[in-house]
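A, B, C and D are the chain letters, set down in written order, and residue numbers restart from 1 in every chain.
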Amino acid sequence: MTAYTAAELMVTAAARKIRNGEIVFVGMRLPLLGFLLAKCTHAPRAVGVYELGIVRDNPSPRPILTMGDLPNLYQAAWLADTGDAMALLQQGAVDISFIGGAQIDRYGNLNTTVIRSSNGIRTRLPGSGGACDLACLAGRHMIIMAHEKRRFVARVDYVTSPGFGRGSGWRQQRGLPRGGPAGVITTLGCFSFDPQTREMVLDSVHPDVDLETIQAHTGWPVAVSDRLETTPAPTDEELAILRRFDPDGYWTGPRRTENA
Amino acid sequence: MPESKLMTMVEAVDRFVPDGSEIALGCGLETCIPFSAGHELMRQKKRRLALIGPISDMLFDQLVGAGCADRIRAAWVGNVITGSGYNFRRAVESGAIDVEDHTNLTITMGLRAGAAGVPFMPTLTALGSDLLSTNSQLKEMVCPFTGGPLVAVRAIRPDVAIISVQRAAASGGAHAWGNLGVSREACMASRQVIIVAEEIVPEDTICSDPNRILLPSFRVGAVVHEPWSAHPSPMPGFYNRDHQVFLDYQQASKTPPGFAEWFSRWVVGVASRTEYLDLLGNDRQRQLMITHSAPSVPVDYGY
Amino acid sequence: MPESKLMTMVEAVDRFVPDGSEIALGCGLETCIPFSAGHELMRQKKRRLALIGPISDMLFDQLVGAGCADRIRAAWVGNVITGSGYNFRRAVESGAIDVEDHTNLTITMGLRAGAAGVPFMPTLTALGSDLLSTNSQLKEMVCPFTGGPLVAVRAIRPDVAIISVQRAAASGGAHAWGNLGVSREACMASRQVIIVAEEIVPEDTICSDPNRILLPSFRVGAVVHEPWSAHPSPMPGFYNRDHQVFLDYQQASKTPPGFAEWFSRWVVGVASRTEYLDLLGNDRQRQLMITHSAPSVPVDYGY
Amino acid sequence: MTAYTAAELMVTAAARKIRNGEIVFVGMRLPLLGFLLAKCTHAPRAVGVYELGIVRDNPSPRPILTMGDLPNLYQAAWLADTGDAMALLQQGAVDISFIGGAQIDRYGNLNTTVIRSSNGIRTRLPGSGGACDLACLAGRHMIIMAHEKRRFVARVDYVTSPGFGRGSGWRQQRGLPRGGPAGVITTLGCFSFDPQTREMVLDSVHPDVDLETIQAHTGWPVAVSDRLETTPAPTDEELAILRRFDPDGYWTGPRRTENA
């Protein structure tokens, strides 16, 4: 079996969440690769919608680093306005999306706006971009993020992208028309959300990771599935495809730039 | 012959962007970002600008670093392929700038309201988020038909939009293609529009395809001929994204002295876009130029 | 290879327009009106349709005369160059159909709301008019920001939109050019879209110009290849308006027997668009074809 | 002097209301010709906006009968959506527009929706189209219509396109952001509106028409300007241009089809 990086494992896990024929709102960074991987494996009929105002149903003719790269526009299925892409989302036409975050809590609420540390220092982050929209309006969304204790907190400092709020019934009360986080893919494991309590539940741990490590990096007592598994490793085929799309390992290699 | 609106970037920025302007730029989000206009704003030491755009890749961070802005109305400010914008972060943390936090959808709806000439537009996004409590331009409201909760986004009407496009005529008619981001809304919502074009073409070229015209030319104040205006962002039909510049800028901007060095070399160290391109070098430009041509199949507007 | 959605007009109308459908058609207002689809609706004796469109030149009057519709949601129903639509007038006066009276702007905002996925959109029009008291889909409201009066237009979400375009691929990707009217909004607001194309072209032709694509092909249910589908309305790039047909129809439709005669000759008297064109004659078609070609200057989507 | 028709006089009067450089929302029928005439005479920099989603700043290369005719799209300055044309209007970017009507009252309120006769019979008309929008949102609008007693009524049966409502201050009270009718051009004379009372005032009578005829065809006591004039006849140049654009006299000839 080929050796792989944590990012490659995460992208592979993300790609597997896309069903064939689904409309996928493709976010920045790792999700770009996850969508391409799904298209080239089990979900050839998946369609990608990009916030720049792009719809694609075929892979770009050469690797791209970001969605605005010109190969991503070549022979696109639609080039339109950001508003048109967001309209598909707001209508409920988007089945699945992927977002990241700097902070997350047990209900999948995400913060990418501002961190307040205990000594009163604020750290300003880039903001929502489309993340809040995807969290509010996609049929379901997957969260991909680094698993660190400062990120997995009891309560996020700012709700940029609503998850399940304070738990059961909260989204309905706030008037969110649909959706909610379907899972979290971290550098250590994969989580889903309990259908009743809406709390994050550990479904799988990545190879060579143990439960204690996950608990140590999580700011609340982790709920664990009765059927806890080991996250399946990327297959050789998946790795080959990923490396075709990220030949220099910019997103999935050890050289990947980490940022909040 | 329609009136010519051709002028230099120096003149356009001087005339149409007074200090304190609310300015939309980077409306392609990642493509066609008018970096050359941004650098001229910095050279002319514009102050107290409000910057408007969902995401302007790293241009907003540069303008903040240069001290041009005191307010940002945006969904995301950083550097798309590397993450955080360090000048932005420092400026917010020190209180030097105010941020009106949007999402891509709320800012789009705000610009669409401005473009449509209505005082607000409703959206379903941001319900349950903290944006509603920190951005006064978003208000929860009740739908007059369904009775359900909605978010009203106040109309955004920039004083000026600066848009980098592929080709324009002297009159202001302009063709833009590729992903358009919020360019159309921003043009229609703004009181004044500056078009920055890779090529100046005859009026007939523009009128040969009126569906591709970005906005009626009577809404355009200035047309600036400036090749490579969007570098290092990509310009469909002309050049690819120059990723290395974004990586280099990330490194440079981590500290104020690093940013100052970048600024003195790439902005005030050059008097114009021509000098910037000389500094960049011909080889670099050649590497970025599109090599796989993919022309559109024409259509007929005859009678 | 993407799935082919090619089918005949008979099949498309049978499959996607059940009795009782709300149907947007004539979204170009005066151009690209899908008369051939309308005539097939009449031949299949569709009933209780709600017709949606700002202005559909004289097509709505024909559908009303044929007894297909019991509701109209429109800004104007008549015959553009002659005025009144006599079937429409008779049907309203006898109580056979209900009218939801819009203005061009209110119906546009309603479709834009449907397209954007929000339950309403605000507008400044119609204040002080009697439309507010006769159309329950318009409600006066107070702006949450300015406190001033506005009109809320309830979202319009047609069951199906039928759009005549110049060229399409079998997958549903379609190029439309000329004035677009409310075509874009209607496509995005509708649950199902039938594309009627003058020409079927390879996927590559459509993807060579993605900015000209009307809507994502995954939203298209059927592609019908039917040349001259819009006759007697004009189709940019193909044929001019056939004014005489509008004048003749005005005369014919003044009385129910006159309309019945027109209907038996031009609608049920022909089994298909091909037979309709035979009846129209080659000479007439030749006279209408565009003679002054005016091709667009191509653009490049390369990398 | 060349002989001319009533329609030619009306179109000429309408054209003269357009100032050079103005943005004109060009309605169906006679206004099409009025705009072209103005462009070719005193207002070469006028720009035409059409509800189909067309902006033109040059005349079409051959005569058109209606705005959707293909010569009106050829080398247009913008081909876009109806919503884009209406957006210019709603923003306040349109200086002047022209509309017609089946019924009008002294405050310039127009009805093109339904007529109710005294015996209870309703006559259904085509409806607003863009007329209500133009009456609500243009900087000013001109009304062009046939002058008949059944059309010039004390009170319209239905307000399709608001004029000054019940008079002074009414538009402001209803929240209309601007505008109002600037004048009425009829088959008999030209009217403006009193700046105080907002009532229609006769400014000029057409050649060979007298005041009594106008009063006889008007359903209220006509207010007459202190400086009543005779409407200037079309010049030979104006007529030549009109006939170039309407060579068969479809709109301006004796063969013109009259419709509500």
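Note that a contact is a pair of C-beta atoms (placed from the backbone, for glycine too) under 8 Å apart; a residue touches a chain by one contact, two chains touch by 3 or more.
No experiment lies behind these values; they were computed from the predicted model shown.
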Exercise. Moving only to chains each one touches, count the minimum steps from subunit A until you reach subunit D.
Key: 2
Quiz item: Using the average of all C-alpha atoms in each chain as its centre, how far is it in Å between subunit C and subunit D?
Solution: 27
Quiz item: What is the distance, in whole Å, between the centres of subunit B and subunit C, each centre taken as the mean of its C-alpha atoms?
Solution: 36
Exercise. Between subunit B and subunit D, tell me the centre distance in angstrom, where each centre is the average of that chain's C-alpha atoms.
Key: 41
Quiz prompt | For subunit A, residues that touch 2 or more chains besides their own | solution = 61, 69-70, 73-75, 79-80, 83, 89-90
Exercise. Indicate the residues of subunit B shared as contacts by at least two other chains.
Key: 109, 116-118, 123-124, 148, 150, 177-178, 180, 208, 211, 236, 240, 290, 292, 294, 301-303
Quiz item: Tell me, which pairs of chains are in touch?
Solution: A-B, A-C, B-C, B-D, C-D
Exercise. Quick one: which bits of subunit B touch subunit D in the complex? Just the residue numbers, please.
Key: 2, 115-118, 173, 188, 204, 207-208, 210-211, 213, 215-219, 301-303
Quiz item: Which positions of subunit C touch subunit D when the two form their complex?
Solution: 28-31, 54-55, 74-78, 80-85, 88-89, 92-93, 99, 101-105, 108-109, 112, 123-131, 134, 148-150, 177-185, 233-234, 236, 240-241, 243, 250, 290, 292, 294
Quiz item: Taking the complex as given, what residues does subunit A use to touch subunit C?
Solution: 23, 47, 55, 57, 61-62, 69-71, 73-80, 83-84, 87-93
Practice problem: State the interface residues of subunit B toward subunit C in the complex, per the touch definition above. | Solution: 109, 116-124, 139, 141, 143-146, 148, 150, 152, 154, 166, 175, 177-178, 180, 201, 205, 208-209, 211-212, 236-237, 240, 290-303
Quiz item: Which bits of subunit D are touching subunit C when the two form their complex?
Solution: 28-29, 50-54, 61, 65-70, 73-75, 79-83, 86, 89-90, 113, 121-133, 136-137, 158-162, 165, 170-171, 174-177, 250, 257, 259-260
